[in-house]
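The structure appears below as structure tokens.
Each chain carries a letter (A, B, C, D, E and F) given by its place in the written order, and its residues are counted from 1.
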Amino acid sequence: MSKGIMFYDVGEQIEQFLLIKNATKGIASNGKPFLTLIFQDKSGEIEAKLWDVSDGDEKSFSPETIVKVTGEILNYRGRNQLRIRQIRPASPTDPVKLADFLETAPLSTDEMMGKITQYIFEMKNPNIQRITRHLIKKHQNAFLEYPAATKNHHEFVSGLAFHVVSMLDLAKAIAGLYPSLDKDLLYSGVILHDLGKVIELSGPISTMYTIEGNLLGHITIMVNEIGKAADELSINGEEVLILQHLVLSHHGKAEWGSPKPPLIKEAEILHYIDNLDAKMNMLDRALDRVKPGEFTERVFALDNRSFYKPTFHN
Amino acid sequence: MSKGIMFYDVGEQIEQFLLIKNATKGIASNGKPFLTLIFQDKSGEIEAKLWDVSDGDEKSFSPETIVKVTGEILNYRGRNQLRIRQIRPASPTDPVKLADFLETAPLSTDEMMGKITQYIFEMKNPNIQRITRHLIKKHQNAFLEYPAATKNHHEFVSGLAFHVVSMLDLAKAIAGLYPSLDKDLLYSGVILHDLGKVIELSGPISTMYTIEGNLLGHITIMVNEIGKAADELSINGEEVLILQHLVLSHHGKAEWGSPKPPLIKEAEILHYIDNLDAKMNMLDRALDRVKPGEFTERVFALDNRSFYKPTFHN
Amino acid sequence: MSKGIMFYDVGEQIEQFLLIKNATKGIASNGKPFLTLIFQDKSGEIEAKLWDVSDGDEKSFSPETIVKVTGEILNYRGRNQLRIRQIRPASPTDPVKLADFLETAPLSTDEMMGKITQYIFEMKNPNIQRITRHLIKKHQNAFLEYPAATKNHHEFVSGLAFHVVSMLDLAKAIAGLYPSLDKDLLYSGVILHDLGKVIELSGPISTMYTIEGNLLGHITIMVNEIGKAADELSINGEEVLILQHLVLSHHGKAEWGSPKPPLIKEAEILHYIDNLDAKMNMLDRALDRVKPGEFTERVFALDNRSFYKPTFHN
Amino acid sequence: MSKGIMFYDVGEQIEQFLLIKNATKGIASNGKPFLTLIFQDKSGEIEAKLWDVSDGDEKSFSPETIVKVTGEILNYRGRNQLRIRQIRPASPTDPVKLADFLETAPLSTDEMMGKITQYIFEMKNPNIQRITRHLIKKHQNAFLEYPAATKNHHEFVSGLAFHVVSMLDLAKAIAGLYPSLDKDLLYSGVILHDLGKVIELSGPISTMYTIEGNLLGHITIMVNEIGKAADELSINGEEVLILQHLVLSHHGKAEWGSPKPPLIKEAEILHYIDNLDAKMNMLDRALDRVKPGEFTERVFALDNRSFYKPTFHN
Amino acid sequence: MSKGIMFYDVGEQIEQFLLIKNATKGIASNGKPFLTLIFQDKSGEIEAKLWDVSDGDEKSFSPETIVKVTGEILNYRGRNQLRIRQIRPASPTDPVKLADFLETAPLSTDEMMGKITQYIFEMKNPNIQRITRHLIKKHQNAFLEYPAATKNHHEFVSGLAFHVVSMLDLAKAIAGLYPSLDKDLLYSGVILHDLGKVIELSGPISTMYTIEGNLLGHITIMVNEIGKAADELSINGEEVLILQHLVLSHHGKAEWGSPKPPLIKEAEILHYIDNLDAKMNMLDRALDRVKPGEFTERVFALDNRSFYKPTFHN
Amino acid sequence: MSKGIMFYDVGEQIEQFLLIKNATKGIASNGKPFLTLIFQDKSGEIEAKLWDVSDGDEKSFSPETIVKVTGEILNYRGRNQLRIRQIRPASPTDPVKLADFLETAPLSTDEMMGKITQYIFEMKNPNIQRITRHLIKKHQNAFLEYPAATKNHHEFVSGLAFHVVSMLDLAKAIAGLYPSLDKDLLYSGVILHDLGKVIELSGPISTMYTIEGNLLGHITIMVNEIGKAADELSINGEEVLILQHLVLSHHGKAEWGSPKPPLIKEAEILHYIDNLDAKMNMLDRALDRVKPGEFTERVFALDNRSFYKPTFHN
């Protein structure tokens, strides 16, 4: 198959299928309408202009349409752009489907669900185990499909579950080195910490915030869900409060969205594990796009830093 | 009755009943134990030392005991202190009771409950009205007894209810001037905003944070309570989400404990009304203790400012 | 009359008189000059491009000219734009005048002056009353015409006086609930707090900062004015200092432009009243433009928040 | 004469006259009153306890009394203390006077006034010159006596004038190197920048803030004074505004008390000169008290830093 | 052996050997000298007063002396204090030595050096390996003895080496889960990151900052050392620069002491590993001192938080 | 010669040689490529568009090419732009050379080196003198050519040396007024403080950060260089540490890039001198471009302020 759109150099010719992620109409200086299109494939996205568009074009080239494009890569103000020579919507006979253009977690949902089930199985505290199992079951479908965020890190199909699986492995490794840590709390905290995103966000594609997401946020949503789960399961132990606190505090500081900072050892460590896995994900994605001896683009969620790939890393 | 302990000047003799708020044991340089006592009455509190105490003294002069004290007011490092000449525990025949020494709201609990009931009665939106009535009923006893905070403002018996009543009157006056405001939301927001304190705090005397108060806080507690109330009353409308948001956002900013800032007009105004009433309470209490032409003590919760009472205010 | 320019939807045809607020010349990619025009009417403003302009066009379509425009509403990068089909300057016989296009306070200047006079009349302290009356007389004409700010809130003709009148009503309501407040100070503080803007700003249209406004600011300007008024009226009481302090401190904090924070009770409350009225004004204007169930545009002066209008608000 | 109180080492015997700066009464654990005395001489100050004091002692050893003390230097919690063996008030025949114990500027008031007069004489712009001369004359007596601050830097008799003279010399040197600077503005800015302190502060001894100082501050006070001076001298030029701006902005930032930052080149430089001279004064005083190879005490107004004196500085 | 001094409750009698960590002389209100002593053993420290001390006592009870004490545990202002009944210096025949009273890492220096040697042995990049081995050899003795800090975390004998060993195990576990990480860089970064502390700090007991520590700090010191090592070993590769950057940036942000933030993936992860291990150490030490259902003392270096130990942790 | 490109007004015709600083290719809405050119001469720079460019044009009009341009000055979005009518590369016979278009320090490199040599000659401490002389010799060529920064201040050929020379004169003047200052330290600190820029930056033209500049920064680079110089010269005195500290701390605060704040008197003053000279340079350049009565453009490195040139400054 053709290489990813992110990996073309300026001047290269392109002829391949792409997904329209976004289309905005404008009026050119000659008074004629044009479209600004954002194309995407699994490797990333690229902008293009389509000039002198008709009303029909506008309909044909709307978001979430797959198109066949030929053209050339340009540089415009330091960013790559695609100059379209020819463009047509994919026909039913073209051998492409939506999922071909969406980035997805590197593990299948079955594999991920299997790992999570295993971690829940290993829990020894029945209260923690039952609440965790109850909530993951309740939201299982969305949990396995949603991204972990609208942007910044794990912003791909099944990104949320993949983030959780990576964090579980990290939690296990750390708890192995610091045996005073309560593994049950840590695993449950990892599994539940971002589960509220299945209500905060609109879904796996064209992800946006829901009204509930905007007005309450995934942390408050999940704290409520834990309370309801405990009621439904008739669980009264202090574990309920502690799990609510783990979720409530996992952003670490009030100004980052946690009204209480971590006040339990496992809450503090959960915050670290979350951060570490998110950062590794962002770093790897940024560094994959540059060669040894180069700096990456600035990464907004990493304090806008530009990272260097040493020349001896190849 | 004798005047309040706060209103004595240095050098004045004192002979009256006081409540022991706090007692801490220490060892003097002569090797003998002593007690540092904090006495209180409705006007405020004062520190005193009791030297050469026996084991019996330690028991007799423990917190929440009423005592009869004679002595003299001293100045120690710029603060008044009471030098004890004689001290004895009050006997059952002494004409004093605990409530005589505790500051209380200037309205009776009946009056306050009457006003709140009236405001709930005026609500037109049945969802908002039912949730508000349900929650105030559920927590009515504690609500009418608790202080609004452990310190800073309305930190007296029934302070919470008094704060709510003052805010309701303020809400009504403001909504009268800005008719675009939704009175139902505003009244309900005022009534519920701090109701979680009946779970966050330990009670009206020697008020401390509970474990749930420490790990979740009154905002999260109340957001959960609203969710449960809606479930129990089978209410599904957007009003539930909006009321949760009003409570969630009433501290105004993430760094002040609200994970979401106000995103509804009435939420923004609720935050203002809460602040304004709390500040008026703090200002009046600080200024009551000084004469025209003087500055108050520094008020910690007002950015540590010292306020001036103009000479033409008498 | 035709509906306001802010209330057209994309795709709608337009044919109406508009005021040119701003005109900037540019050079198109074909080498020909064009104008970027900002049109305004009472409802708000909209941008448009006028292509291939002659020297004559440039003169005809200069700022503060009224024009007749036909065209169509487009969306450009998420904001509405007007695509001009025809445009001509209004002729003397067209039934339009400048004031038709400028947003103005909802009360007449006579009504506003009447209310303010009444509040001054109610003052009991002669020193406060005389200084207030003297200064409002001195600057009456500008005071009744100026906006309260160049942007953000009450940025319309007579916005300053309207802001003051709303604040006076709010001050009266609050002082009614907290009788320890000195109404004279509060009313005078409200009337004088922003009066320095008549020197800080250039006037009611195309409002800019004057050099004195840039180098001293309206707060310092007004503190000086109060000093001069007291000299001219031979008033020596502490009231002069207190009024200067009320104006000096009304922005609340050093970083917001007040070199001293409020140190008088009424100064603290004045700061609150000012904020509350400004926020109500901004919130109402932003929410007027959206339908129930929608979020407003981000409001810069409200911490860049986007507010939600509940679906049950209609 | 005996050496300064600051320069005694722990264990040394002392017998000399000292001034009582402060006296506070306390009650010892044996129930008897004692006095905490702060003694001062030109070198600095030291604390002492006077045990078992009578009512007569309290009167004899009140602030601003000169006493003859014998005793010994102790270390208490890392700070020197004086253990009193004998103490008596100075009698009229003792060869000591108040001024012997107060730190004073190293130049006489005549010398300082002479230098300032010369700088004013060198000004070429008559408006600047006349306003400067008028204001320095109006406040001359206080100006020559007051300290530059209550603490931190130049906190001694005539400290204000000495600070101004040092800054004038610095201004001259800098203007010599950067000839684009307007010397008249710079000299006038230096002379007037802190002149408001003669109203903000209570006087040269036991210096405190006046009410006007608390509610307006020396910056606002002086901006008003410049306005009045211009009125009295019938000066209308832009120089008035610029001089007001120089004073207004000389603290550099809003959070440091200047509602406008420097917006004139000379205002920016004035802020620097002020800072540089204040810092040199603080550094020299702190470093004078330590030996090469040692660190100074922490200097609060220098970000609480502790400075090192290199071993090769002797 | 007797239990640690930290584990006594108020009222318990004590009779055991303790090390004097600190002794300060004061003068009691009866005019007689006394000593404030800080005793320590492996479990922690406690304060005591020794009254009416002679000159001989002062010499006998100086810091780093071992003494035999009998007495009783008191509570003074919420902290435990030891009331001394008898005290005598340990004699040569007493079965105690300095090391008995100093907290030490739980691994022997041989074990730790063995582990570190193994990690260096596993490195594949010869430049990184040689520089790391050279520097650890150069400072080996101090490295194995020094604490990792003067307070906060790993502030015990061999704390630095123990911190490094824990971090190496953590680095290995994390690199196992994220294979894109360069293990050589990570291991070398861990070993070198705090090695400059052997020059910044004075030694393992009564640890203070050296002058070089104060004026340059361990980060700058170590960056220089890496440069010198490369010169001595004639290594020129980019590895030198990268290792210097790892050390330079390991505090993460300018305001935490790193003039450059991490700009290499392994530098970012090193910062995380350092933090995680330090926090685990602080959390475990604080939580070891409380029972389930209790909160710890506030931990300054963890944002002054007080942590909760769940009741189900026993 | 023709006037500088910065000094043309809108509408003026231009015909002169200019240097191409930057050239970026774009695609116009007609599908044809164009170039955005930044021209520069000694007075500043200006942007221009070159439409419909051929491949040959792209090569002819590349950065660091001198061209002859005729055209006209336009205003585009408030900034001047050059509309090109004709453009051709300069031929070898044209009487122009690269240096004609680059801004350069107003002193020759010989003059500057002479002054610096003289200051080094005046030093009395041989350790300080030898290290300073050694390092200036080692980097002399680059030192005399490099700018002091990539932007903000002294961003021209030989800007670094010119900044140092100005600072030396300022240091001398200040040390003359405050004789406690150690001139040797001050002069050496001035000469060395930014010398690391010859490694941090790429060179005098098209100046960028090197990899070493990005990962270590000029401060750390120079601290290392001082250490190496001391080794090579076998100098061991405390002067080495102090000079390293002067360089390390000269940015004043951790958040500005100095891991240690100034802890030596001369370090504090060096920070001031550096700032003062940089600010004078920025202020003069900004004010040179406006007329009396006008405000400058906003100056980013001066907190984005816009400065006013008084009308009486002409």
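Here is the rule we use: a contact is a pair of C-beta atoms (placed from the backbone, for glycine too) under 8 Å apart; a residue touches a chain by one contact, two chains touch by 3 or more.
Not measured: the values here are computed from a predicted model.
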{"item": "Intersection of contact partners for chain A and chain C", "value": "B, F"}
{"item": "Steps needed, at minimum, to go from chain C to chain E via contacts", "value": "2"}
{"item": "Superposition rotation for chain C onto chain D, Cα-based, multiple of 5°", "value": "180"}
{"item": "Type of chain D:chain E copy interface by residue overlap (half), same or different", "value": "different"}
{"item": "Reference chain E; chain at largest CA-centroid distance", "value": "C"}
{"item": "Whole-Å separation of chain centres (CA-atom averages), chain B against chain F", "value": "61"}
{"item": "Intercentroid distance (Cα basis), chain E paired with chain B, Å", "value": "43"}
{"item": "Inter-chain centre distance, chain D versus chain F - centres from mean C-alpha coordinates, in Å", "value": "40"}
{"item": "Residue list for chain A, restricted to those that touch at least two other chains", "value": "29-30, 211, 214-215, 238, 242, 263-264, 295, 308"}
{"item": "All chain pairs that touch each other", "value": "A-B, A-C, A-E, A-F, B-C, B-D, B-E, C-D, C-F, D-E, D-F, E-F"}
{"item": "Complex interface listing, chain B residues touching chain A", "value": "211-212, 214-217, 219-220, 223-224, 227-228, 231, 238, 241-242, 244-245, 248, 254-260, 263-264"}
{"item": "Contact footprint of chain F on chain C as seen in their complex", "value": "24-27, 29-31, 211, 214-215"}
{"item": "In the complex with chain A, residue positions of chain E that touch it", "value": "125, 166, 169-170, 173-174, 176-178, 180, 182, 237-239, 242, 261-265, 268-269, 272, 275-276, 279-280, 283-284, 287, 295, 302-303, 305-308, 310-313"}
{"item": "Partner chain C, residues of chain F touching it in the complex", "value": "28-30, 34, 49, 51, 74-78, 81, 83, 295, 308"}
